[in-house]
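Two complexes follow with chain A in common, the first pairing it with chain B and the second with chain C.
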Partner chain A sequence: MLHFDLADHYQRGSSRIHRLDPRIKVIGAFLFILVATLLPFGAWPSYALLFVATLFIAQLSGLGAGYALKRSFIVLPFALAAITLPLTVPGETLAQWGALTVSVEGTVRFVSILVKSWVSVQIAILLAVTTAFPDLLWALRELRVPRPLVGIVAFMYRYLFVLADESLRLRRAREARSAAGTGRAGGSLLWRGKVAGGMVGNLAVRAFERSERIYNAMLARGFRGELLTLTPPAMTDSDRTMLVGWVTFLAMATLIGFVFAR
Partner chain B sequence: MLPTSFATHVRSILSHRLFRLSGLAALWLMTTALHIPDGFLSMPVSLVGWVLLIVAVVYALRQTRGQLGERQIPLMGVLAAFVFAAQAINFPVAGGTSGHLLGGALTAIILGPWAAALVMTCVIAIQGLLFQDGGLLVMGWNIINMGVITAFTGHLVYRLMRRVLGEGRNAMLAAGAVGAWLSVMMGAIATAIQLALSGTSPLEIALPAMAGVHALIGIGEAVITVGALAFLYATRRDLLNIGEAAPGKASANWVVIGLVISLIIAAFSFAASPEPDGLERVAEDTGFIDTALDPLYEIFPDYTLPFIGDPLVSGILAVMLGTLIVFGVAWAIARAIARAPSRRAGA
Partner chain C sequence: MHYTIEVTGLTFSYPDGHRALNGVDLRIAPGEKVALVGPNGAGKSTLMLHLNGILNGGAGEVRVCGLPVKAENLGRVRAAVGLVFQDPDDQLFSATVYEDVAFGPLHMGLPEAEVRRRVEAALAAVGMSAYAARVPHHLSVGEKKRIAIATVLSMDPEILVLDEPSAGLDPRARRGLIRLLCELPQTMLVASHDLRLVAEVFPRTVIMDQGRIVADGPTPVLLTDVALLNAHGLEPV
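Showing the complex of A and B:
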């Protein structure tokens, strides 16, 4: 999808969550989403626990409990992928309009999927806004993500903003050359598509040529095919305690989910 | 077994209404494309995606390392940034919506399938990690659908069509167009199958909705890909030959064949899978599924037995057949275009 807002979402801070070892944050976020996915449909008490946990983490990170909440609605459009469930899952009738029967089971499942998705995206948001990107990359590398892959992602991140600028310049140039009535685009659809395609090709050439220059500059500075990092953060005992607490909480939520499921 | 022919009857009416509903759903889905958020795929399905992704990435890293050496990191990194930025170049379509590039096919045509899969992996991973476009646990499938499948489909179709159509500029553009369109279609079909396997959306709705929307989105993809290829052909023709020289092409064919086979198996496993899923079992034991059910119903509660046979299989066959027909038509048109005298009288 489109990212006009390419700005880094990281929020500078010095809260307990910001200072937490990035490896623990990555593992913690994944475990949380794992549990949210694993929970059976209709496990409302567990969903509530997970939701409260996201508020708590947001509060602890100094961003305010509502921070992730406000930005978590981006998953809503995808709800459409599951919207037919109340009509297609057989079960007790909740409501009926003509031939359309809304079943209790289907509704439970639809709402459950939405809630799971919603709490998951909140924790993903919190991970992204409390962890500086270089720290995140370092954590991924420490967690055995292949080094060249992390290197490529690091590079991509470095030049993302440069190339986004290039593409914005291309777009500005197109707009400057395209006079059109308000609310009307000029030319045929095919022609507009071709222009956009030409811009993409243009951007590709610029990217290739830039990568050549970058590579030469790196060679001149002694690059030998691998990226190095300085100063890795250290894991403290209180970091470990927090992980243990988090895992205990998640295990509890899972247990409650399976015992008290609808 | 669920009760009787009355339920059967009601459901058959339903499915017709839902086909119309899916049209509405389609419009909405255009805004979300293929990024699946967490929660929409079940645990087993998500984990399979991760396993496939890890295998693909490890192999892609080895292939590109052999191809590019120490150039690997800077070149792949900058090109990943390129795809990300290229996705922001849009063109107005209608009613406030706009078309833009996914990029898998284009990168695969330029760089070869393995390098393209790697580039797309980075793009989609960052979209998920930083911008929450697509979830983390489902990231395996998001990358496979939008990166790996698109790259390999685009590359294979492009090469096949070039072999048939020949060398000229128009042949190249036609091959690029068909490759780009089909790459998006394949990604969409794969997504629909995963949603259905997870019990999030019945296949008879997800498949036509996803395939229908992405038949349109694919046209946008094809137009931009062609525009980009035409530009590259005019300015830096040498760049278009990088992919031709890329190694691992034979293995690429096997990957595509494997993907197609696994998609088919996944689709038909609806009708065949006899083992109850572990998690569903737990859910059932704890009272979530409290009706008396046969094993099939436990796995995919959407499907009662009388319905598994007909609409499902025929739905799958219809989409496959439709894709084949469109492919045939596109092929015929492409051949006609390629035979017409080229303005640039390409190489």
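Showing the complex of A and C:
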């Protein structure tokens, strides 16, 4: 049977981090990213602290220090958006090629942005791999993220896979009939475009029809416009202690960042 | 006499003009297990969607446990009729199995302790207690079908209405489903193309074709009437 496992990165485990209340993990990751974003440029000691913190959490979660590190390099292409900074920010000259001047200030900013986004992505990856998606959903709900928004994410998560399975089946059906005859195989670009367009349209219609059936299934079980959910388990004292420790650490990193900023 | 399901003179046309039901009369007594068979497009699913008011607006009347299916009764009607759709991916829309089975009782407004008790009882009834924390996407079709039944059992319905419960099941999963259908005490109306399953589980059979009920009687009699079966696109077992 065709099966799609896109994007489900959750790694089963029973570490201290896995067992932590998902609300704490969401708040912790959010604060971390906030701190990383707000730190001044060139606050190297703070960046180092944040980086060590990600390694520590990866270690604590039993995934090994390299786990998030390896996966976090996907951020590098996006950081290229800041590549012009060394050339455009005025300041002390670091190097010069013809009309292009690389400034020290610009380079510091560029490297800072790179490091900030890199550690932020690492913490986001750690959050995703140590928290099952349904837990993440109720955590967001409990943290007062608007319910329709959480509902949309929940349905998307549930049916993304179903749709992906459907598209896989469509593709396989096309491939099964894409035999090579004696003529030129593959057809013209226009023809292939039409086939691909037809498949996308087919998928959209199927998705629409499915949404109607799902809505009927919800009505049949008493849905009246508001999604109700069960009360989640209470936070424990050790969860709260972890959060306090984390906030203290982040406050310290922030303080160091502003005191030792260039 | 109190009927669980009482359908009188029901007609219904879809917005595109297609007439799906053309004067349906059906009575099901409490505790009866009834099979609904007929070719595709006979109106089986349309009839089922009327039983808890998802479709309405045609002529005729539907009563469930004595209540007319009308806007003001919809809450109670939907609690009484457990409707399970054909594709379990439509039925299981929540992030986890537990949440999905809890959906019905929660939306009936039951207190949380009662919801949890019912979820556990429903999962136990279909033998799926160990699956509570699982994500529906990672289940087999047979497992999904069982859990789909649990999602309405948790509402404690008087009647189970199932659309094609054995479609897409391998022989072992199908055997398990048959055993489950025999064990469950609820009144049942089950649409199926699987006439062997019908013969095994349901004492009474209703044959539909072109929006009408064309035969209604004891399963052993109807399923041996070769002329009748052939006339309505069914194959004798």
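Assorted remarks:
The rule we apply is simple: the second predicted complex is superposed on the first by the 227 of 262 C-alpha atoms of A that agree within 3 Å, B and C clash if a C-alpha of one lies under 4 Å from a C-alpha of the other, contacts with A are read in each partner's own complex, and residues count from 1 in each chain.
FYI, a contact is a pair of C-beta atoms (placed from the backbone, for glycine too) under 8 Å apart; a residue touches a chain by one contact, two chains touch by 3 or more.
Not measured: the values here are computed from a predicted model.
In the superposed model, A:134 lies in contact with chain C only, and not with chain B. Of the two partner chains, chain C is the only one that A:221 touches; chain B does not reach it. Of the two partner chains placed by superposition, chain B and chain C are both touched by A:162. Shared-chain residue A:258: touches chain B; no touch with chain C. In the overlay built on the shared chain, the residue A:152 is in contact with chain B alone; chain C does not reach it. By the touch criterion stated above, A:89 is placed in contact with chain B alone, chain C being left untouched.
Contact with both chain B and chain C is seen for A:210 once the two complexes are overlaid on the shared chain. In the superposition on chain A, the residues of chain A touched by chain B in one structure and by chain C in the other are 133, 154-155, 157-159, 162, 210, 214, 218, 223-224. Listing the residues of chain A that touch chain B in their complex gives 1-4, 6, 8-9, 29-30, 33-34, 36-38, 40-42, 71, 74-75, 77-78, 80-85, 87-91, 99-101, 105, 109, 113-118, 120-121, 124-125, 127-128, 133, 136, 146, 148-149, 151-160, 162-164, 166-168, 170-171, 185, 189-190, 192-205, 207-208, 210-211, 214-215, 218, 223-227, 258-259, 261-262. Taken together, the chain B residues at the contact with chain A in this complex read 2, 7, 10-11, 13-14, 17-18, 21-22, 25, 28-29, 31-33, 35-43, 46, 57-58, 61, 65, 69-82, 84-94, 99-101, 106, 110, 118, 121-123, 125-133, 135-137, 195, 199-202, 205-206, 220, 223-232, 235-236, 239, 279, 282-283, 286-288, 291, 301-302, 304. Only residues 49, 52, 54, 75, 78-79, 81, 83, 85, 87, 89-91, 93-96, 99, 102-104, 106-108, 112, 115-116, 135-137, 151-152, 155 of chain C touch chain A when the two sit together in their complex. Touching chain C in their complex are the following residues of chain A: 132-134, 137, 154-155, 157-159, 161-162, 210, 213-214, 216-224, 228-231.
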